[in-house]
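Okay, so chain A shows up in both of these, paired with chain B first and chain C after.
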Partner chain A sequence: MAGALALQSGPLPDWTAVSPALILALTGLLLFVIDSIDSDSDNTVLLAGLSTVGSLFAFGVAGWFLVEGTGQAATGGAISLYGDALVVDGMSLFFTLIFTIVAAMVCIASLDYVAEQRHQAEFFSLVLFAATGMTLMSMSNSLATAFISLELASLPSYALVAYLKDNRGSVEAALKYFLIGALSSAVFAFGISLVYAATGSLLLSDIASSLGDADGMTGILGMGVLMLLGGFAFKTASVPFHFWAPEAYEGAPAPISAFLSSASKAAGFAIAFRVFVEAFPLGQLPAGVDWVLAFQVLAVVTMTLGNFAAATQENVKRMLAYSSIGHAGYALIGLAALTAGGPNANVLGASMAHLLVYGFMNTGAFLFIALVEYWGVGTTFEDYNGLGARAPMACVAMSVFMFSLAGLPPFGGFFSKYVLFYSAIEAGFWWLAAVGAVNSALSLFYYSRVVKAMWIEDAAPTLELGSKPVGLYTAVIFAAVGTLLLLPAFQPVIETAQTVATALF
Partner chain B sequence: MSEWIAIGALALVAVGIPLGMMAASAILRPSVPEQGKSATYESGEIPTGSARVQFNIQYYMVALLFVVFDIETVLIFPWTVIYRSALSQGASLATVLLPMLVFIGVLVVGLVWAWRNGAVEWVKSPLAKRRKTERQDA
Partner chain C sequence: MAGIFDFVPAIVLLPFVSFLVALAVGNRMPKGGAFAGIVATAGSFLLSLATFFTVSQGQTYNQTIYTWAQGLDGAVTLEFGLLIDPLSALMLVIVTLIALLVHIFSLGYMNDEGETGLPRYYAGLGLFTASMLGFVVADNLLMAFMFFELVGLCSYLLIGFWFREPGPPSAAKKAFLVTRFGDYFFLVGVVAVFATFGTAAFAGSESFPHLAEQALAGETSVNTFGFAAETWFTIVGLLVLGGVVGKSAQFPLHTWLPDAMEGPTPVSALIHAATMVAAGVYLVARMYGFYALSPTALAIIALIGGFTALFAATMGVVKREIKQVLAYSTISQYGYMMLGLGGGGYVAATFHLMTHAFFKALLFLGAGSVIIAMHHNENMWDMGGLKEKMPVTYYTFLSGSLALAGIFPFAGFWSKDEVLYETLIHGLGGSPILLVAYAMGLLAVFFTGFYTFRMVFLTFHGKPRSQTARDPHGVRWNVKGPLAVLGVLAATTGVVNMVPVEKLLGIKGIDFLHQWLDMSLDGLTAHHYAELTPYSSAYIGGEATTVAIGAAVSLGLAIAGAGLAYVLYNVPEPTEHTDKLGGIKTLLYNNYYQDEYQVWLANSVVRPISRGADKFDQGVVDGVVNGVSSVSLFSGSRVRRIQTGVVSNYAALLTLGLTVLLLGFGLLGGWFQ
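Entry: the complex of A and B
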């Protein structure tokens, strides 16, 4: 366990394995210091630049660790720190890549979005602290750290949703988000206490080893597991705690919607994967604690509800919010298609790879909405009419995101969805894949409505776009290039994801 | 089952003592009804206005800053208890003192930021001030 980091420059001490989280936290604190020295600072370029550099640095370090095999079987296995409270392994590094790159895109895009606002340093530091919490979520190896890191990711998110504090929609969204978050945190904490009562430990590995002794406590354990699931459902915006998502995404500043719907969702999945796979392994579960069945129900309900609700929306941002609920349903297949002795690592790895691709295409789509909000164009599909002629570059990017989200061939989303459904079939859950495929076909309907509005419909004669914001354009184009490049680069991504997932089983 | 009897007895005593005291004083005391005794707050002040008053948001800021120090104290206490014995048993300063300094340093950054951004300055609410003067004039 105490295997040193076998890096080329010689072994680093073990604690440096958490350095992606440390870098994010330090950058956030540095922004606080800058704001303390010059509290009226409106040097957005400095603030946005610093936070982008910090996120990219953390991304680089996490990527370097992943390539060097830190925490993986080749260099001595997962690195446990602080009495096993945190564990750095391939999966946590893989998810860290998602959080940091999304945070970097959001920080660049916010350059133009918050330029007119007060409290800019707070905006960026809250984004970085939320990213720190997400990184820690992917590393948590005990239910206590899971709870703390989940709160660390959630609390800045509430404040960020309310960032436009003179805007009624923003404040209302934050209040709803906060109340549902508080409710689900309470449910989650109660679940932790029940699991502790039944097994006598908070460490995931200890919970797993004492599952067999919990004979008379199966009822309590089952309730506890169900409540933990509720806590994760909130973070991943899945049924039954999904209804905050459309409100919060619609009211929040669009870059924050991008951040929440991509990074925050991935963080929820990171922690759900680890907790369920490590603490409640399938082979040793007492009868009556069948969490896989619960996830199968949730996956089907979540993807169906998300897609059907998205198809009825008139507001593009709301449509994307429901589509992100639908995608949570697809990613839930990673936990729903598990069997004792099945090809579990392939299923889980496919879900992780889908979340990575989703991180690019969904962030990009929400950042395009931010761009449209910046121009002051309306929010419905009709308002997007003829945008293609005025801003072709951004609209090409948006079309890439839409088709990729729908899972059409020449984009990254095609492979990730294909591999996800294929691995579900391989594991014997053809009906999960079938429901997913039907839902994907339905999703093409509402995604193509955006594309049709942008390129085929004629613009209203009054349509007038302002300047072309550099930061937003950079982020949108970067996300589009990422989505495109993930098609040829999908092979190494899926191989890495499935390799690091193997270590969990 | 038997060990729960003690808890039940304790509960009986807990309910019984206040009830007994109230009953005893009701029997012993003279009854002198008076209007002032039925007022909501028997403090000699005549209540004015309703209880639905908007408090200054600053109370909230101070309470929030208090929580920072509160948690800090809770975490420093166990550290002070083991500090000397940890050092005498050969732990280095870097593992005993440094993490706590880092922890306090993080809190100091937060406090300085809050201070610089005016969280501890007592801002007077113009609305509350106007109401106060209106009340005094009336």
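Entry: the complex of A and C
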């Protein structure tokens, strides 16, 4: 408590509340400096170590703030900065935890993955800049900062997907990602302008307060809202803005796929949660602008399409890409099951908690793919045959990720999904939960295919694994331990998430 | 207060520990782990005695010891607990005593006979005893159910002990499946009790019998699923009764019990006297406050009991193997207990449960002794003349037989007479259906007397009819000791409740068992049960006269049956008289075709239904599941086809999707007006 009080009123000025973002940005700049001095540096340990330390430092600061109550009701509420353009509250800190821990895991894992590549410093600095952008997304309190931070997160991502410059798949995926991203950004910017036209403001709180004056402009406002939704749907890889995801995840270096599918997706949700809940509160919307219904449609379509498509994939990485679309559908329940006066904080908090657990299990799964790519084993289910006998520890971890993604006990994914569906039922949307449950049952099919291939099928006689890379192993095991520990530790997580979500309503 | 009740869990745990010890290190112990079992059951017996005396000081104990599922927001809480009242304390003593004697006897029956697999045998006995004791002290229906199932499992393991022979495994499976059939109803009943009352506790103000009583009085309301309260309670009671009928081998689920004779004889003694079969009747006694509320359930219990008593007794008349006779006598005697419970005679039934435990354990151990002597030939027609060769076995067996036949003054006379007397007076008091049950019970007395003494005469009297009978194998102290103890008990335990003496001679205060059962917790006393039952009493010319007439008639019938057996079989060279029965003989030999009709039922009725269910499962359920997955795979491949890899297609689809959304919501929200 003492630290928190000090932060609110004492020696630490308010601007230090954004220090997680500052730390990330400074680490990125430091890597940039290294890159400028020695552009061909191949001291991967230094680079990866520096970026990991930076991410973990930001994680620690965000965690400390969260525990001490910075920006939360206990210490005087959200901290607004720069003319309300940014806001630091419990939710932004919670999401910062997700971004930074995923960034840390990705950086450690990349230690081995990029060891043979050139321009390594660029890689790590881009990761950190993207993380900075995501952190700012979670803090954005106006549509202008929302757009800028979204671009700040996106642009490094495009470059990162294209990092394997000599790999045609990587370059092609990046171009597609960029083109779809550009289109989505255009839609998003157009949406912002329409909302501005209807309400005369870009600040979320001002938009909310002028909703009542938007009479006669319902159409403009409604189109603006749907187009904003489109922008976020791009970031979260939700239907129909998901087309880039399978391509980009498959083509990108696997650690980057992990980063995009976990952290970047969570960032999209962070900003979507804030914008829709703060700027377009349910009680005050003019009739005809029913964004909850739009999210319900998107949630159902996204989870169904993601899971159905994942079921038919032959390529494990692509299967995970579609499963990540399916999980976006589950997380969308957080916005789809809101009602005026309902248990909204519970629903939103459950979605946030699911994203945290998802950050561990999905990152871990993609990092396992990175490990397999590192070994040069193929990409299809058949290529995974018999891996369990050769690399038992990593395969146990992968099995944990698969079962946790499917939502089976005793892994973290069980509780987060359970609470998410339960809170949807509590809010009266039993059918959303039912669709989610049916989809989860279906997802078990393709997740268990991986496990079956690894443990039950016999290996091809030629299967030879190379060395055991330290960084990748560390990251994978760390993610697995996190996934396991989040089952017993789920109580504080969900309580924190639901508490910080309460502050939004 | 660190009293004796703190040690009650040890009564259950000691045999359980002996189970673990015998299982783990039985091979390395002398006698295959027998001593661990003997020490454990002796310890349990002593603790039970201490508990018994503490209860006799007027103390009772009803305590939850472990909550394994805490119900939140009005959901049910699942607990383990102990309920020590006069009924369970009495049962503890009976069970531990019989278990101890059976362990000792097993030294003679199993070890001395050079059986193999003894650690498995003693482990089974230990677990069996522990399960039954856990069942006895259970303070709620769910815990009782769990131990009830454990008892069933142990009986399966022990009946099938000689699993290399063809008979025992099949008998074990039959016992398991038939009792399991009854237990399905029991399980549904447990769920129904939880759903109705939110608790399954036996005792206390929040117990389900008490809540049911209040609900009928209109003082509280429970969820009766749209039925009238009394109808619903009857349904629930009958569901639980399904388990009782299976375990206590009542008609029509009695068929497993004669087959269960394939198990080792000490196990039969344990099953019949103190554990598995007793569990069913004990359960009804335990929740008698619930059954007493439903006249229909009571009438059904009485009818099942009376019918089973007669039905099984007639089948016992023609059997050739000594253990088969005893098996049918067990079914018949538990029928009497059910008759007593259904007829409003809670004390009488408990009394008979107790006396029967002693004399039936005695008879089985006696039969075991005979079987040792006869080199495991069980056919009575090969015996004869064993009286002189094995006097201890003969006299104790005779004591048990006199008790079983209900001859004055042996234990069985008093308890059986009281069961019949209670049924009679309640039947006369305006419940004619009880008179039907009474008539069947009374008739069964004659058959009981007949088959019992047919067995005694064939086995011990006359001239030896085979070489082994002329030169039987001797038995040692470990067989004679338990027989002697039980022989005394079978002769004398009747004194604990000599109601006829009290009524006829006017001596007050010698109905000790009645007083004992009245010392229980509020709502569990015999007195309270008597108030709850829907019966009133009437007499034939006064109470004492009715007692005298009832006793005289039943004693007369028993002596008549025994006398007939004497005339027919107490001759030096008895011959089979069954041919005189004509067609009935075949019917009786085949046990009224009970097995045949149950097999027919399984083959012609259940199997088509199962086939239908299988079709439904394969066709409809799996069809839906497969349909969903093939739809998903099909549409999944469609989705794959949409994902062409051409980025301009993506841009087009994305724009198209957004346009659809905009148009849809625009039309819905009236943006274009």
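Here, the second predicted complex is superposed on the first by the 494 of 505 C-alpha atoms of A that agree within 3 Å, B and C clash if a C-alpha of one lies under 4 Å from a C-alpha of the other, contacts with A are read in each partner's own complex, and residues count from 1 in each chain.
What we mean here is this: a residue touches a chain if its C-beta (ideal position, glycine included) is under 8 Å from a C-beta of that chain, and two chains touch if they have at least 3 such contacts.
Because the structure is predicted, anything quoted here is derived from the model rather than measured.
A.B. asks: Could you look at A:445 and tell me whether it touches chain B, chain C, both or neither (first, second, both, neither)?
C.D. replies: second
A.B. asks: Just to be sure I read the superposition right, which of the two partners does A:153 touch: chain B = first, chain C = second, or both, or neither?
C.D. replies: A:153: touches no partner chain.
A.B. asks: Using the superposition on chain A described above, determine whether A:127 touches chain B (first), chain C (second), both, or neither.
C.D. replies: After superposing on A, A:127 lies clear of both chain B and chain C.
A.B. asks: Between chain B and chain C, point out the one touching more chain A residues.
C.D. replies: Looking at chain B versus chain C, the one contacting more residues of chain A is C.
A.B. asks: Thinking of the overlay built on chain A, is A:137 touched by chain B (first), by chain C (second), by both, or by neither?
C.D. replies: A:137 sits against neither chain B nor chain C.
A.B. asks: In the overlay, answer first, second, both or neither for which of chain B and chain C A:289 touches.
C.D. replies: Touch partner of A:289: chain C, not chain B.
A.B. asks: With the touch criterion stated at the top, can you tell me which chain A residues are shared between the chain B interface and the chain C interface?
C.D. replies: Comparing the two interfaces on chain A, one with chain B and one with chain C, no residues are shared.
A.B. asks: Can you name the residues of chain C that touch chain A in the complex?
C.D. replies: Residue list for chain C touching chain A: 628-629, 632-633, 635-637, 639-640, 643, 645, 647, 650-651, 653-658, 661-662, 665-666, 668-672.
A.B. asks: Would you pull the chain B residues touching chain A in the complex into a rising list?
C.D. replies: On the chain B side, the touching residues are 106, 109-110, 112-113, 115-118.
A.B. asks: Under the definition above, what is the set of chain A residues touching chain C in their complex?
C.D. replies: Contact set of chain A toward chain C: 175-176, 179-180, 183-184, 187, 218-219, 222-223, 226-227, 230, 239-241, 243-244, 246-247, 287-290, 293-294, 297, 305, 307-313, 438, 442, 445.
A.B. asks: List the residues on chain A that touch chain B in their complex, please.
C.D. replies: Counting only chain A, the residues touching chain B are 29, 32-33, 35-37, 39.
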